[in-house]
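Residue numbering begins at 1 within each chain, and the chains themselves are lettered A, B and C in the order written.
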Amino acid sequence: MTGTVERRALTREQLLSVYRTMRAIREFEERVHAEFATGEIPGFVHLYAGEEASAVGVCSNLDDRDTIASTHRGHGHCIAKGVDVSEMMAEIYGRRTGSCHGKGGSMHIADLSKGMLGANGIVGGGPPLICGTALAAKLKGTGGVSVAFFGDGASNQGTTLESMNLASVWSLPAIFVAENNGYAETTSSTWSVASDNIADRAAGFGMPGVIVDGFDFFAVHEAASEAIARAREGGGPTLLEMKFTRYFGHFEGDQQTYRAGEVEHARAELDCLKRFADRVTETGELTQADLDVADAEVAATIDRAVDEAKAAPLPAEADLLTDVYVRY
Amino acid sequence: MARTITYREAINEALAQEMERDETVIVMGEDNAGGEGSPGEMDAWGGVLGVTKGLYHRFPGRVLDTPISESAFIGAAIGAATAGMRPVAELMFVDFMGVCFDQIYNQAAKFRYMFGGKAVTPVVIRTMYGAGLRAAAQHSQCLYPLFTHVPGLKVVLPATPYDAKGLMTQAIRDNDPVMFFEHKALYDLAGPVPEESYALPFGEANVMREGGDVTIVALGRMVHTSLEAAQQLAAAGVECEVIDLRTTSPLDEDTVLESVEGTGRLVVVDEANPRCSVATDISALVAQKAFGSLRAPVEMVTAPHTPVPFSNALEDIYIPDAQRIVNAVKLVAEWTR
Amino acid sequence: MSDAVVGVVANPLSGRDIRRLVTQASVFPTAEKANMIQRMLTAFGAVGVQRVLLSTDLGGISSAVFRAIERRRGQDGRWPEVEFLDGQPIRQTAQDTVDAVRRMVAAGAQMIVCLGGDGTARVTASAAGDVPMLALSTGTNNTFPAVREATVAGLAAGLVATGTVPADGVATRAKLLEARVGDRAETALIDVAVSTERHVGSRAVWDPATLTQLFCAFAEPDAIGLSSILGQLFPVSRRETHGVTARIAAGAAQQVLAPIAPGLVVPVGVSEIEPMQPGSVHSVGARAGVIAVDGERELTFEPGEQPTVQLRADGPLCVDVPAVLAASARLGLLRRPPMPGAQPGFPRTDRLGGAT
C-alpha cells in the first residue's frame, strides 16, 4: 500500500495534460452538438459532455499495454485514450480521412493501435471483448489491463453480467466502469437497476464494487489507480460505479422531456472542469493563466478539426467493397 | 503418409499440430477439458463429444474451460483475437447461437469493415450441427445459412476426415473470423488422413464423383448421402457429378457453374430448413449465371419447414435420405418441356 | 403523554467507498439495511412509539421499507405510522443526512437513530442538537456506532423516545473534536487526522504514510480505524473528559501495529503523545494537505491557512442501549402485565435513586 500516494500524485505537466484532455472532450462534444443541429452530420451522435472526469480519470492511469472498450457514447473515451481528434471529427462527418475511413461513424470509432477497441453500437457489446483482451494480456504476460466502460443501461444486459462473472472466474486484469448517468435513453437508472447501486452487484460476481463521484476528477483518478494497480498485480477485476449525469440527451435530437432540470444544477454546481480548475488554482499547482492557455489551444484544435472534416473528401465508390475480409 | 482415423480425431490432430506450431493458438469452451473445480480429474471429457481430448495436458494453460456464458466467452475469444491471439472457441451446439450471436455477427464480422480495415480478428468458432442423434429441436439444427448471410464471416463445413483436418488447419491460420461447422453424426466416420500438417484453401469445392448426366451439389453430411444415391443411380444408368461445397462463404461458384454447364441438370441437397438456405442460394446462382445451360428446373432436397422432431420415426423422415435424392435426380433427368 | 416520534436516517452510500477495493472492508447489502429498519419498526411498535420519520434515499432503502409497509397493510397493525421525509431534492451526498435530521428535530423527534458508519454518525451528530441519538453500524469503520442487533436497539430507542426510560440516566454527552480552517469547520466524533494527500478525492484514509498528525476524542484499545493507533499506546475512554494527540511519522522511534481500517494492520510511527484537555485548541503542524474527520478527508488547506483542532465536551447525547434495557429490567417495564406503578412516561421514582 505504501507508495500509492506517489503513484497517484500528478505533476504540473500531468495536471495540465488531464485538464486539456477533459477540455478537449467538452469542446469536441459542444461543437458536435452545434454542428449536428445544422444537419450536416449524418446519422446519430450520442454526446459525452458532463462525464469527462470518468474517461480521463480512468484513462490517465493507462498506458500502451492497456485496452479499453466503449459504448455508443464513445467520443470521450476515444479522446481520453489518445485517438486523434481530427480523425475522429472526419469520421463523424463520414469522410475518407476519418479514423475508420468513413465506414464506421460516430458509434464505431476505433483505433486498435492506441488500445481503443471501439465505440460500440450494441449495448453491452464491450464487456465480453474486454474479457478477451484481458485474457490475451494475461496469457502473454504484458501486465496490461483492459477497461470496459458501459452505462447503467448496459449494466442490466446479460453480456455485462456474464462478463463480470467470467472475469472473476478467470481472474482477469479487467476493470468494469459503470458510468451511471441516471438514464438509459429515457428510463431512469433508479427504476431499472433493481439493486439501485450498480456497485452492489459486484459482490455477486466476486469482485469489489466502489461508488465514485463521477464529477470529481481526483476521486475517479484515485479509485481507478487502485483498481488498475490491483489488476496489474494479478488481483483480478474491480467494478467502479461513476455517479453523475450527461449534459445532453440520449442522442442529438432528443427533446429530453423525461428530465427535470438537473443539468442546470450540474453545470452550475458540480461540473468536473470547474471543480478541477477551482481545486488546482486553490492549491497553486496551476494558474488560471495556464488553464486559459490550454482552453485556447483546445478551442483552436477543435476548430481546425471541424474545418478539416468539412473540407475532406468522401469515401470513393470502390471503398464500399473493401476491407470486408483480410482475404476472401 | 496417410492412415485411417476418424473425423473427430482429424480435428483433434489439426488443433494439436497448430497449437504446437503457434503458441498464440488457444482453445476455450464448455467442458473443452472438463472437470474444472470438480474433485475428480481434469480433462474429464475433452469436449462433450471428445473432440478436444488430450489437449489440456499437452498444452498447459492453453485449454480453458468456461462457465455457461456464451456471450461472455465467445466475445472474449473475439476480443482476444483482436489482441494477437488465435483463439479456437467452441459454441457447443450451433442451436445456442442465439445467446451470443451479437458478438459473432455484429462485432467479429464487422470490425474489419467498420474500423476502416484496421482490425484483424483471427478467431475460429467451432460448433456442432445437424440431426440424426434424436437430440430433438434445440440440439439438431443446421443454421449455417444464417452465418453465410453475414458479410465478414467465413463458413466452413467439412464432410470427411481429410477435409476436417485440412480445413481446420486453414481456419486457424486464416486471418478472418471463421465459423467451423462439425456434423455430430460424422464424428465417428473414418477415412484416410495424412499425418503431416496441411491446409485446404477456402472457396474450393471438391468434386467427389464425376458424371455427365446430373449435377448434385451437397454439403456436410449430405455429401455422403448424395454419394450413396449416386451409386444407386449409376446402376440405373444415370451418372451423377457430386460436388462437396466445403465452404459456403467463400463459395466456389465456378465449380458449380462449370458442372451445370456440362450436365444442364441440378439437384441441390441441403439438410437445413428450406427457406433462405444454401439450397436456395445455389439455385438462384445457377438460375442467374447458368440459365442458358439448364435443361430442367433445379430440384432442391432439403429438410421440411419444421423444427427437428424427436421420435426416431419422424427424425428419419425429416433428414433427406438417399431415396429422396434418387427421386429428385430422376425427376430432373427425365424432365422435358 | 405526548406522541412519541423517532427519526430514522439510513445512509445508502455507507459501505461502498474505496476501502472495498484497497482493503477487505465489509460489503453491507442495502437489503440488510432495509431489514434492520423493519426490525426496529417492530420494536418501536411493541413499546408504544406512535410515529417514525424515515429519511428517503435513492439507494433502495426507503423504497424497500415502503414496499414492506404496503405488504403489511391489513395485517396486524403493530408498526408505528411511518412518514417518509420526501419532497426535498436528494443530492446523494452527506447533505441529505443533515437535511433529514434537521427535519426530524424540527418535527419534534425525541430520538434519532442513524444507520451507517463513523461518517454517518458524525454527520447525524452535527445536526441532532440536543435530541438523543443512537448510531447503528452498517458502514466500514464502526468505531462510534454500535454493532448491535437492530430489534434490541429499536426497543431501547423506543423506551427512551416514549419517556418510559428517561434519557437522563441512560444518555451521555459524547466528546467532539472541531477542526477549523479559516471559516470552514468540521466536527469529528472520534478522530481528526492530518494527511499529506492533496485532494479530498476518494475521501477514505487508509495509507499511514500520508499521516502526519492525529487527534482523538477517545482512543479505545479495541477500536478499528485511526484511533486504534493511540488506543494501544495511550488509551482514553469515552467517559474520560480528555482526549489525546500525537505526531505520526514513519521513522519515529515508537512503532505500533494498528488496525487502521478493516483488513489493514500496519506499523505506524508515533511521537509526541500528549493529552488534549477539554476546550484546548491545538494547531496543525503541516503546511498544506487535507484534514480527515473520522477517517474521511474533508478539509483541504493551503500554506498560510493554519488549521486548528479543538476538543469540546458538547457532542451529541448518545443513548447507551445496555443501560436502557438494564433499567427496563430493574423497573419491570417490559413485564406484562406491567409492574404496579410502571407506566410509560411516569416520572422518576426512588428506584432510580433520586426523587423528582
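As a convention for this text, contacts are C-beta pairs under 8 Å (C-beta built on N, C-alpha and C of every residue); 3 or more make two chains touch, one makes a residue touch a chain.
Keep in mind it's a predicted model, so treat the numbers as computed, not measured.
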Chains partitioned by contact, chain B not counted: one piece
Most distant chain from chain C, judged by the mean position of its C-alpha atoms: B
Chain closest to the middle, measuring from C-alpha centroids that were averaged per chain: A
Whole-Å gap separating chain A and chain B, where each centre is the average of the chain's CA atoms: 40
Rounded Å distance, chain A centre to chain C centre (Cα mean): 38
Whole-Å gap separating chain B and chain C, where each centre is the average of the chain's CA atoms: 67
Chain A-touching residues of chain B, taken from the complex the two chains share: 26, 61-62, 64, 66-67, 69-85, 87, 99, 102-103, 106-107, 111-120, 151-152, 154, 174-176, 203, 250
Complex interface listing, chain C residues touching chain A: 12-13, 16-18, 20-22, 27, 29-30, 58-60, 63, 92, 196-203, 206-207, 209-210, 264, 266, 288, 300, 302
Contact set on chain A toward chain C in their complex: 1-5, 9, 190, 195-197, 199-200, 202-203, 208-212, 216, 218-219, 221-223, 226-227, 230, 238, 243, 279, 282-285
Chain A residues within the chain B interface of the complex: 67, 69, 98-104, 108, 110-113, 117-118, 120-122, 125, 127-133, 135-137, 139-140, 146, 158-159, 162-163, 165-166, 169-170, 322-328
